[in-house]
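Below, each structure is written out as structure tokens.
Two complexes follow with chain A in common, the first pairing it with chain B and the second with chain C.
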Partner chain A sequence: MRDMLKITDLAVYVDDVCLLEPISLSLREGEPLTILGQTGSGKSLLAQAIIGLLPDELRLVGQVEVLGKTLSLEERRALWGREMVMLPQEPWHALDPLMKGQEQVKEVYQLVQGEDKTTAEHKTRLDLAHVGLTENGHKRPGQLSGGMAQRLAITAATAAGANLILADEPTKGLDVTRRDDIVRLLQARAEGGSLLTITHDVAIARQLAGRLMVIKGGALVEEGEAKQILNQPTDDYTKALIAAEPKQWPEPKLAEVGNTLVLEADTVAIERGGRTLFKDISFSVHQGEVVGVVGDSGCGKSSLGDALLGLLPLQQGQLKRLSSASKPHQWLKLYQDPPSAFTSSVSLQQLLDDLVRLHKLDRSRIAPLMARLSLPEGILERNCLSVSGGELQRFAILRALLLDPVFLFADEPTSRLDPITAQEVTELLVELARETGCAVLLVSHDPDLVSKTCDQVIRLS
Partner chain B sequence: MILRTSQWLGLSLLLGLLLFSLLGITLSPYSISQQDLNAILVPPNAEHWLGTDHFGRSMLSRMAHAIGLSFALGILCVVTSAFLGTTLGVMAVWAGKRVDQALAVVVNILLALPGLVIVLLFAAIAPGSFWVLYIAISLVQWVEYFRVTRAITQGVIQSPARQSSNMMGFGTWYQFKRHIWPAIAPSVFTLAAFGGANAILTMASLGFVYVGIQPPLAELGLMTVELFPFYSEAPWLLAQPLVVIALMVFGFHLLAGKRA
Partner chain C sequence: MKALLLKRLLQLITVVWGVGTLTFVLMRSLPGDMAYRIAASRYGQDNVNSDAAALVREELGLNQHPLEAYWHWLTDLLQFNLGNSMVSGLPVIESVQHMLGHSMLLAFAGLMVSILIAIPLGLLSAWRGNPLDSVLMGLSSAIRAMPVFVVGVLFVLLFALHLGWFPVAGYGTFAHLVLPAVTLALSLAAVSNRVVRDSAKQTFRAAFYQFSKVKGLTAWQTFHRHGVRNIAVPVVAFFGIQLVSMIEGIVMIESLFSWPGIGHGLAHAIFARDIPVIQGAALAMGVVFVLLNTLVDLLCLWIDPRGVEQ
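Then we have the complex of A and B:
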């Protein structure tokens, strides 16, 4: 087995601050390497440094060898597409929104490989059939689901024949079944070459097997065979990462749920864009109860929550809000993508002040809640763009709790957070809901997460 | 808002012209119509700093008044059309489909006619009236603000951030102040700067074809056409209104800045 990629003491600095501590690794032919770490641990910088896409303000130290030769930045750039390729994180940002899928693959054959039109078309057809997109080749990226778009992006990216593949969070925002598809596709693509995957998802590391490196805060913590590390982690950080997987969470303590009904849904049906998403769904929600909603992407999980909040009309059925004393502002929502749920025009402090003034809240409640949610004092002076996702989601919970919510719809509140933060946020949310008697509707694409936290589960298909 | 160097330059240019106009109007001993037929077409000298025109009127007084008039019209038009366009643009998104459709009809009618034709039409109804010019130019210009505001607001209205504020019980004004205005403000500012330049150019064009402000008032376009016959005898006179128009437009365009 020869080394496809060898890195010696690679480090990234901005001015004199070290963002990624010196790291050495080698990627052998036919043996995938996975780098596991929390968000903000410098993982993405590593991938950008290897491929040569670091922003200009960052300084790179160390050596990168590709196929046994030490290459400079320009030489590495010359290998893009043909020898090595970096897969996009979010396919929507990588694909041309106005161009049909098959054209985007064909273009690579024609312009990079220099093949004539018929050969390129033929190869494109084969490629698309290989990833199960034959039927969808004529669609534009906007008409594809997240999983399909990612498969298309991978096909287009690897069409030029690169067999050294760097994948940075290739399954971000995809649900479990789609995630497995993508991982299998990556494995297949990397045959005869090699695959370097960067992820925060322990499940992906387990699936890819091969070698594993665990990174924390820009420094290497543990390295070795993936199977061995994941089954017998020696480092505390690795243990924490593995324990944060919903599958490994402790069994839920089933709290006694109050008898007071908050909401009753009777044979509800919802349509979106002329298509009925689901029908005949009936359930009731009690005070302090955590209700989970699971189902594949696009099955209407979020639409159900929106309908319960009155943001979407019902096609059929009835909703009864049974807590008569509740005011409209006590029915709230936590959003999937925390930064998009806040305005960036003012500081978080200002947002809190606005709320306090509007509802004449007791200001003294803020400090204990902040402590409870372990929000540092300093974050209030910043705006939502300069606070981490986990902190912002906890701030969103804080803002909701100040209004004494009766019902909280949490729409995948942790899917964009890394596992350790996700576990913290979910646990806090459930705990606080039980304490305050607020009913929570928790939507998630991860069945494990729901089964470990919820008192009642609604399955949509 | 932080201004770049070029925007500061544009702003100081405009303020400089405004200052010249105000000082000229208050301090010049000559009125704009005071003739001295013994001193026509004289070059700049100690008594008439910018010379005199073909009727022996002080160019300094006339330029000062003309610049003041252009600024007054430009600023009035910008404020009116920005306010109208932004308000209606936000309303089109927020107040439901009916309002949106009704506004779309009005906007399409205005867009179908060339702006200058509408202004000419109004100017022909009441020649020489400053207020009719003002109404006509504002009527043409608000459409741009409307379209830009409407497009941006559509995104903001759908955003989780606005939805969240709405659910928490915040009112219309709060949602506008915190969510919509921060999103549209940079575009409105840029449009306003270009709009100021356009209003001034439109008024000058109308003056140039004699349907705008009427003599004996001083107006940049009117002065250009009045002084045109003397371009070989007294080129310095014709140059004055032309240079000032160019400087004003240049100043507004610099102020608009470069969008990153």
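Then we have the complex of A and C:
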């Protein structure tokens, strides 16, 4: 087995600050390598450094060997598409928003492979059929779901024949079923070549098998056969990562749920864009209860939550809010992508001050709650872009709890966080909901997460 | 698409009625005796006396009740009859047509030249970055900060009086068009080259732009396939806004270069209280305004059809 890719002491600096500690690895033909680690540990820089896409202000040290030859940046760029390719984290952003999906695949055959129009069209049709996108080829990326967009991106990326694939969090924000599809597709595309995957998702590492490197804070903590490491981890950090998978969470203690009803939904149906997403959904929510909603992407999980908040109209059925004394601002939402729920133009302190002033809140409640949410005092001076995703989501919870919510709709609140942080945030949310008697509607694409945290589960199909 | 056109048609009708009524009311409420002003325009300031004014008043029916006059005007308008000029007696529609044609010529020439300046400079600025970017930024701000007639006067001084390359003012040959068009173009390009630059910079930085190169396309292929269209979306919309706002801004340049356009004509008609011409000119500008807006909307929709397909 030849080495497809060999990296020796590769490190990334900005000025004199080291962003990625020196790392060495080799990727052999037909043997996928997975790099597992928390977000913020410089993993993403690794893929960018290898492919040659580091931002100008970052400095690369070390050697990159592709197919047995040490290559400069220019030489690596010349391999793009034909020999090696990097898959995007966010497929929606990586696809041209104005161009139809099939065009974005076809152009590779035409412009890179030099095929004529008919052949290119034929090959594109076959490719799209292979990933189940025949019906959706004429759509623009904005009209595709996350999973479809990622399949399209992988098809486009590998159309020019590259089989040395670098994938950086290729399944971020995707449903479990979609995630498996993507991983299988990646394996198929890397045939005859190899696959380097960077992820924080233990499940992907397990599915890909091959070799595994566990990285913490930029340093290697464990390396070896994926199967062996995942079954018998020796390092504490590896153990923590594995334990943070929802599948491994402890079974929930049966919680006391209050008898006071907060909300009753009776044969509810919701329609979006002329299509009925679901109908005849009935349930009731009690004080302090955590209700999970599961289902494939696009089945209307988030729409259900929005409808309960009164943000979307119902097509049929009835909603009864039974806590009559509650004010509108006590029905709140936690968003999936924390940075997009905050403005970056003012500090978090300012946001908090505004909230306190608007609702005449008691300031003395803030400090204990912050301690409870493990939010350091200093964080308030920064804006939403300079704190981590986990911190920001905890700040969002703080902001919500200060208003004494009676109902909180948490829309995939942890899907963009790495597993360890995700577990912390989820546990905190559930704990605080029980304490304060706030009902929570938890939408998640991970059935394990829901079954380990929720008192009641609504399944949409 | 259909909805858009229907909406625009309704808008057109409202604009015609609104603009017409407003000019009617405003002109009637101007101080001074209208008959005197019209008589003065017809026969010259020195030959006006109350008899001449009375004659004019009688002939043009100026002593009608305002509501009656409004009614006449409205029914005429419904028959597409804009009336005759009170000064020259010629049909308004003819003079408005002429003036509008001249204005459009100047506006489009100005816009085209401004596009020829703004797009290359904006792209270059986004691609090369500093120091070119900062220099262009300074230059753009300086030109933008000057009123357009100052730029025009400087051009006249340099190219017409000093160098003698082009005529100072007037209309007739291609040479007459150069200075007003370039003046207009510079003041437009001063802003639009920045819009091109911002849009291009954003596109060059976008993940999809990078991904296209990772797929194997060359830099030029990437620009051609994914750059042009994405850069064009905000740029075309902005050119549209400029074109529309130019309809009103062109008055200054037309007056400076004695260009026989609609802005120039409107100013004259106001001095002479030539109400039918004022109404005709204002109406024509309103109609052009809506038509251009519709055109720009359709163009934007063609470039970026995302909104309608959802």
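We adopt the following convention: the second predicted complex is superposed on the first by the 461 of 461 C-alpha atoms of A that agree within 3 Å, B and C clash if a C-alpha of one lies under 4 Å from a C-alpha of the other, contacts with A are read in each partner's own complex, and residues count from 1 in each chain.
By definition in this document, a residue touches a chain if its C-beta (ideal position, glycine included) is under 8 Å from a C-beta of that chain, and two chains touch if they have at least 3 such contacts.
It should be emphasised that the depicted structure is a prediction, and the values quoted were computed from it without experimental measurement.
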{"item": "Superposed partners chain B and chain C on chain A - clash or fit", "value": "clash"}
{"item": "First, second, both or neither for A:M86, with chain B first and chain C second", "value": "second"}
{"item": "Which of chain B and chain C A:A367 touches, first, second, both or neither", "value": "neither"}
{"item": "Touched partner set for A:T343, first chain B, second chain C, both or neither", "value": "first"}
{"item": "Touched partner set for A:V61, first chain B, second chain C, both or neither", "value": "neither"}
{"item": "Touching partner for A:A188 - first (chain B), second (chain C), both, neither", "value": "neither"}
{"item": "Chain B or chain C, by number of chain A residues touched", "value": "C"}
{"item": "Identified clashing stretch of chain B versus chain C [26-34, 80-88 or 242-250]", "value": "242-250"}
{"item": "Parts of chain A lying in touch with chain B, wherever the complex brings them together", "value": "309, 311, 327-329, 331-333, 335, 337, 340-346, 354-355, 358-359, 399, 403"}
{"item": "Touching residues (chain side chain B, partner chain A) in the complex", "value": "159-161, 163-165, 167-170, 174, 178-179, 181-182"}
{"item": "In the complex with chain A, residue positions of chain C that touch it", "value": "206-208, 210-218, 221, 225-226, 229-230, 233, 303-304, 306, 309-310"}
{"item": "Sites on chain A touched by chain C in the complex", "value": "51, 53, 77, 80-82, 85-86, 88, 90, 93-99, 107-108, 111-112, 140, 142-143, 153, 156-157, 159-160, 162, 273"}
